[in-house]
């Protein structure tokens, strides 16, 4: 399997990885964004971020405050946040084989098109990595609340090649 | 450890594995129902299915629209959906050693008997595989929304023997 | 890496591990609190427990019935429940390398300080194990309902050294 040039592909797509997550000073996040052990990297729950690393919206409930289209874009943005954390941890994006993702949508009551939201993540990962290296198991659920009222949070497991 | 004849046991129990999941044409599910890497299979979130592969109900909130007993049966049906996906991916059900499951219940406000619901999954897996091969770690939680308003969704990790 | 004396540290902190989980007789939990396979231990969803093993409160919704401070303490108590289960399964707490945790908060509508709640777990694990052995990936989400109306449930994966 040829390793892809993921950062080259991101550039072609006009996509930029955000800086390391910044949060208000009163917020403590005492865990690792990516925990690597052996050949597995455990990726913490991420949300959308601005390029400067700050938490990005739109904030609120998908299906009420936020449209499906906006939520799809937020899931795509969350993929970029995850890729940025992996890059910081591993030094490259090319040696990653996707295993699984858990996609959590900040759902308004009655909004159950959660798979269509998390497709924003899956579509980008598959576009970047292709079906073999980028394929992944997935769940896409609606949760009651997410930190900072972000619309989407995604955690993942990947193999380090 | 003798490998069990899981399909024989299913037949004895009068249980039938559903066909591959079918969804309305506007629904895209761009991920793998089972992602195998090394000796671990990552199983995507599954719900109950009819024998023809279509998504099965009863649809709605457990504890309001749906009784505990119906939800238990839906979790058992979800186990069959998972087994069917594993069979399609691995070609057999016998070489599976269960590791963990995350059971998610589409809970009405105030319904917290989520373990009793997900027991529908665990009981069947244990009946089929026995305590050693079928034993698994588990969480059983109530979530805000599930895709297509299914009553139960379960994801899992198994070892491929 | 020197292995820590975790039980000695717990004693220094005045913390006691609870007995094995006990539940009302009508409640069946047909799964393993810790499933070990190879060098990975999969830890089922745990909640706070009294020293006698019974499920502990405060019961209800964090942000309404339960304060952030109480919920933080419940997450810390949940860490003790998890450690007690690991001790029963492995015979020691010293050979554990933390990988990931999924923290689920029984959130009242509008309560989204879920990371600050799950910090009760992370802070204790890091205090006991240090940054290298105790570091972990994490998600902290608000769910709709939890079993027995407990305020916090946490599941985890650890490596057995």
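Here the chain labels run A, B and C in written order, and each chain numbers its own residues starting at 1.
The working rule: a residue touches a chain if its C-beta (ideal position, glycine included) is under 8 Å from a C-beta of that chain, and two chains touch if they have at least 3 such contacts.
Note that the coordinates shown come from a computational prediction; the quantities given were computed from them, not determined experimentally.
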item	value
Same or different contact residues where chain C meets its copy chain A, judged by the half mark	different
Superposing rotation of chain B relative to chain C, computed on C-alpha atoms, to nearest 5°	120
Approximate Å spacing (C-alpha centroids) for the pair chain A, chain C	25
Two or more partner chains touched - positions in chain B	102, 143-144
Chain B-touching residues of chain C, taken from the complex the two chains share	27-35, 37-38, 40, 42-45, 102, 104, 143-149, 153, 155
Chain C-touching residues of chain B, taken from the complex the two chains share	97-102, 105, 107, 109-116, 119, 122-123, 126, 135-144, 157, 159
